[in-house]
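Written out below as structure tokens is the structure these notes cover.
Chain lettering (A, B, C, D and E) follows the sequence in which the chains are written, and residue indices restart at 1 in each chain.
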Amino acid sequence: AEPECGLNTGEKATGEPIVVGGINGNAPPGDFSGGTDAAAAYFHCVNDNGGINGRPIKYIVENDQWNPELAAQVATKLVKDDGVVALVGNGSVVSMAVNAKLYKDEDVMAMASACAISDCYENSNIVSSNQGPLPSGIGALKFAVEELGTEHAACIGFNIPNNGGWACDWAGKYMESVGKKSTALLMDPSAVDLNSVYLQALAEGVDTIMLMLPAGPALGILKVAEEQDGGDTFKWISPTPLYDPTIPAALGDYWDNKLYVNIELGPFNSDGPDNQNWIAVMDKYGEKEDRRDTFSQSGYLSAKFFVETLLKMDSAEINRTNVTKAIKGISGLTSDLLCGPYYVGDFDRHMPNHAGRMVVYSENEFKVVRDCYDIDSSYLEPIREQERQLRLIQ
Amino acid sequence: MYATFGFVAICILVLPLIIDSIWVKVLTSAAIFTLAAYGVSLLYSHLGLVNLSQVALVGAGGWIMLRLNYAADFPFEVNLLISAVITAFIGMVLALPAIRMKGLYLALITLMIAGGFQIILSAIQFPNGGSGFFGVALQSPGEMRRPVIAESDTAYLRYSIVIVVFGIMLAAAHKFSRPGRAWAMIRKSEANAMAAGVNVTFYKLWCFTLSGFLAGTAGGLLAGALKILDAKSFPAGESILLFALAIVGGVGHWMGAVIAGFLYRVLPAIFNNIGIDADLSLVIFGAALLHAIMTAPNGIAGQISTLFQAWGRQNK
Amino acid sequence: MIKISDLTVHFGGVVALDNITVDIQDDIVGVIGPNGAGKTTLINVLSGFVLPDSGAIDVEGVDLLSLAPHRRARWGLARSFQKVQTADNLSVADNIWVSLDTSASIGMRKSAALNRVLEYVGLVDMANVPAAMLNPCQRRMTELARCLVASPRIVLLDEPGGGLSECEVDRLRYVIGNIKANFGAQVLLIDHDVELIRSVCSKTMVLDFGEIIAYGPTETVLQDENVKAAYLGTEIGT
Amino acid sequence: MKAGVLDISDLTVLTPERTVLEEISMTVEPGKIVSVLGPNGAGKSELVLAIAGQMAIAEGSVSIGGTSLADKRPEKIRALGVAAVPEGHQVLSKLTVHDNLQAAGSMHSRKELADAVEGAYAVFPEIRRLENQRAGMLSGGQQQMVALAQAMVCQPKILLVDEMSLGLAPIIIERLMNVLVKLRERGIGILLIEQFTHLALGISDYSYVLNRGRIVFSGYPKELNENPGILHEAYLTV
Amino acid sequence: MKIYALFLISGLAVGSLYALGGIGLVVLRRATGFLNFAYGAIAAASAMICWQFIDWGFAGPVSWLMSILTGVALSVFFGRFFASGLAWREPVVKAVATLGFALIILGLISFIWDDAARKLVLPTDKIGFRLMEVRITVTRVIAFGASLLIALGMILYLEKTKTGLLMRALANNRAHSALIGIPILRVETIAWALSGALAGFTGMMFGDLVRLDPTIITFMVIPAIAAAICGRLESLFLTFIGGLSIGVAEAMLTLVKTAAPFRSLVPFVVAVLVILWMQRKQRLVFQTED
């Protein structure tokens, strides 16, 4: 299918470019470039289709290489030297914590796509279209409690306060609220011995293991479990990271119908218009080596919402102040990739996406076992309050 | 001599005016790590001792600086001094088990210490204004103060350069006095130094302490520059890298440390800026490191000074 | 004035010094003996680099063994090493200053002492030359100067004549021979150059397998049949 | 060119700072002992290192039996039958004495090696006793014996010895002189650098005197014995 | 009680990987004087090659062979072209030079293989037996057995064979070894090849038993160094013991809840304690040689 972007005129935009930035983290230990890649593809498509009322988007992407110092430097470059009107598609673990203050001071919005730490959801100038580990993890737990009969879950995460600590802490509160037990098993990110982590769960006597980890280490633990034939000893659940096109090949038959994953956005094979358009945009405008994962969907979504917002503005008055205001004015946008509405608002924290779906690994692919459902967590109290203010819920 | 003054003057007066704000940040980091590299180079050139935990100590200095910042209302300079002194003390304590070791063993024990630091740091994290001893809370970081006279990035760059210059001068002054002579004798032979009445343990510890002091100062400055520090920035591998770059820059000369700081922070930023793939820039960096270690035994600073000498002779 | 009693040193199975008891009174005493006899070990024990298994050393009423090596140096015990040890990146003067740094006297006296000792060993012209530029003989002299500069009470020299040509040994002979007169220190000299020993040492001690096989006036000792058999051989000794 | 002759012509060796050897020409024939004399820093040690391949040759040639040694790696030169004993007790300090000797015979077959090591022990019975000691722990003189033994193990055609008697007891030196004479009888060419001039002259067939990197005299030892002025002049104009 | 046994067995498995790494490091160090920081990177490259060949559908043995060959090739490449140029530098400078090589390899690996999730599976993973309710795969047995056998084999090789002797001579003093006629290039090449083969094997085991992640495998060189320190960078047997103890201690700590997040400190703490214990009697007299 032909992609549909922006004005969809089929004409190249030639006016004065609008400068937009994006920061990704692509170096060991992980490639978080899916969001900016998809945003770049979408912007390219927009520029070929009339741009922002005739003005093309000049999208500058920087790689922070997982280095906080570099993250601060490239953000300064984008915000101060290049004078971007906004940041879109950001996907980086370190950059958000380091740069949140800069964005606030410089009054620039970051419409991120690939967030994994608390700082990304608890700042006034950052809004992400992905859920991050907290809602996704709680979503997975909710499914496990309701459908798999979980009584006591282990949350295996990295011993990093604003990542594993944060997410497992709130997961624990959730379990408590539904009268179940949970145990956080935090490990050093450089820990080599995953076998012990598995045994630790065994020693704790849990019945469910949630892998609050990036895909690589999560796979490592699955492999240990397979070796110990632990596929049925525990119920296995995980937030989104394991939902990735490259995972099925690495899992193998053993995990058939044993591994349940919460997904933050749409299934990759969904027929929804936005999902199909994402595929079309990536096919036509993406690079061959661009990853087609959840982050990519998320980047597409951020870029699309961003463009829709700009298109509503007077193209002569597109500057940082106005763009920031316009982004903060976003409310009630929808997409088949999301289970709920997308909104920003002028708040000191943002988490528009918190309802997800559940899939199970089966016969070399993931099958949806539960469609859109929201989570119950007191973490969301301020968020629900926002939604009430914006009249998105009663 | 004039060249030195000229270099410093250009760095302080001219550079901050003509560069983009990203380069202001990059150069601030480079200046700060110059100081840390000088500490490594001091230990190596005077005593042949290898410290593969310098970046970890920079992290320690930064941790203390942040902690003080949130805990106390002292002026920046006072906090900086306290951080430097405590880090110097840590450096000294860490050196105690290492003091009888030489060469590779010593290097490895410091590497093990750096490895330990990395894990402790990632477990306790850097203070961000939370309560308790560790000062970490799940919140966005609080306000890290800068000196009153150096609030802006540009002013902070100047400020850092001045501190770095003072730090280097303080350390370099040792060379021409009693510790310098003692160190030279110890380096040649510990036995001989003892036979000459030198208290070998004391002077070795002194050098470690001084190097730790520079690392702590660097850490404090870094905390002020970035305002928030991340545990991932101070892994053991970085300490090895900083030592390697100090060698490549050339030990025993301030210029060598400046080159090390440049290679450590400016070069990767340049690679990144001209859009070289991060993986490939790692390859280029590694190759350059290997090449420099193999071809320039006295470091790049050594090559430059040989060049200048040849040039001076020609002009005569 | 060095009183050694029952001194024993083992290195694993090797007995380097075997129950040595001796009083060393003379100004310059030679120590000779076959290779591996324990000469260097004796000096190492005196200067604190090797801990004896048993025994006591009393020097001018001080229990030497209770002091750390650098304290012995400050007390006034100077030594040189079998392999010359000068810090190459320091000048000759700075090499010597290292010893002065640890002594208590004031700056002016120190420079006077430095000049005096430089003149004594004949390195006045070389004072500011880095030690790296010196030839082995000049290095030896620098080392000797460092030993002498801080008014030592005892000087222990380990093969200072090794590798020096005959002319240079003449100069060394003068330097060692006049230490007592110029600096007032007692000297213990190890060397395999029998001529050097003969000409400067009033008394000589001969070690073999860690034991003293002869101790007395140098000439007498050098005529001793045991010493000839163990150490001197037939040609050179005579 | 006669087989097995070490031929050096117009050899020049430079360090970054200065010229250490300048246009040196000399020959060492099989079955002859050639002594090289000269004051400290004359460049004798550099001569040995240059021949052995441990210092770069700037100009001129070094060859054995017509095969050039210039630009050859040290182990190649050793394989061609030129064995050097450099100055300063060079041994493999962490290996035992026995392993030191075994390692020096890597070019031999198992049987040959056993014989060669036996031969070396026969010359220095005192180190056989120390067979299992780490060489670095030996006394200075014992290390020198190990270094000399290593050269003997390789059974060279040409032997270069720098400061042969350094740190050795007179009785050992005497024995070594006899060994050199025996080696000469076996047709081995020897280049000898020795601090005790009279000893060197006593057994050598031909002599060179080096000063400041140049040959200032070459001729028969008799001439030097008869005319000591030549040597003195060389030693004094350092 | 049973749980202790579980952790013991698990710890031995990881410990034998540390031991393998440590042994490879010590062998090279004893033969050439190099401490190879690139050891982990070479192992990582070998593991990735193994995965790649399996992924291309080659038979198991071909892939394993390629993996080991990659280790040998990379190691010998460095040994031949770079190590000899560095031979006269101090041990520490040599060691940091290998860091440059490690960066090159790591950069190339990350460039060639994007970081998709991968899993290295060897046929021996599928076979196993139960011991105290822990299933032990043959791969783990191989890793443990191999590290033991390799330690023993290497001890014999270095102590009893002629090449072994020459290697020790070389590491002790390269210049003097050349002077006494040891064919240093040949001996060194053998040493680099041996250590490369060990790195290849370690990488494959690591990729299978722990994680197929180039960065993690590259930096496993640091705990492997800890194991090597336990053997004073000299003794293969103590390195083996050291590696195992580190692995076991690390696993056991999992049971102490408060200490569990700091488990990864174990290699470093053990290494520092061993060094302190080693020098307990030593006085500050003559400098300890490297």
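Quick note on the criterion: a residue touches a chain if its C-beta (ideal position, glycine included) is under 8 Å from a C-beta of that chain, and two chains touch if they have at least 3 such contacts.
Here's who's who by UniProt: B, E = Branched-chain amino acid ABC transporter permease; C, D = ATP-binding cassette domain-containing protein.
Everything numeric here is computed off the predicted structure, so don't read it as measured data.
Among the remaining chains, those touching subunit B as well as subunit D are C, E. The minimum number of touch steps separating subunit A from subunit C is 2. The chain with its CA mean position farthest from that of subunit C is A. By number of C-beta pairs in contact, the leading pair of chains is B-E. In this assembly, the C-alpha centroid of subunit A lies 37 Å from the C-alpha centroid of subunit B.
With centres defined as mean CA coordinates, subunit C is found 44 Å away from subunit B.
Separation between the centroids of subunit C and subunit E, computed from CA atoms only, is 49 Å. Centre to centre, using the average C-alpha position, subunit B and subunit E are separated by 30 Å. Counting partner chains per residue, subunit D shows two or more touched chains at no residue at all.
Residues of subunit B in contact with at least two other chains: 119, 123, 189, 191, 194, 200, 279, 282. Multi-chain contact residues of subunit A, defined as those touching 2 or more other chains: 27, 159, 188, 190. Partner subunit E is touched in their complex by these residues of subunit A: 27-31, 159, 185-188, 190-197, 199-200, 202-203, 215-217, 219-220, 223, 227-229, 244, 246-247, 250-252, 289, 291.
The part of subunit B that touches subunit A in the complex is made up of residues 20-22, 24-26, 29, 118-119, 122-123, 125, 136, 138-141, 153, 226-233, 265, 268-269, 272-273, 278-279, 282.
Touching subunit A in their complex are the following residues of subunit E: 3, 6-7, 10-11, 13-14, 17, 106, 110, 114-119, 121, 125, 128, 134-135, 137, 210-211, 213-216, 219-220, 223, 247, 250-251, 254-255, 260-264. Residues of subunit C touching subunit B in their complex: 47-49, 69-70, 73-74, 78-79, 81, 85-90, 94-95, 97-99, 101-103, 146, 150. Across the interface of their complex, subunit C is touched by residues 38-41, 87-89, 126, 130, 133, 137-142, 144-145, 163, 165-175, 195-197, 199, 232, 235-236, 238 of subunit D.
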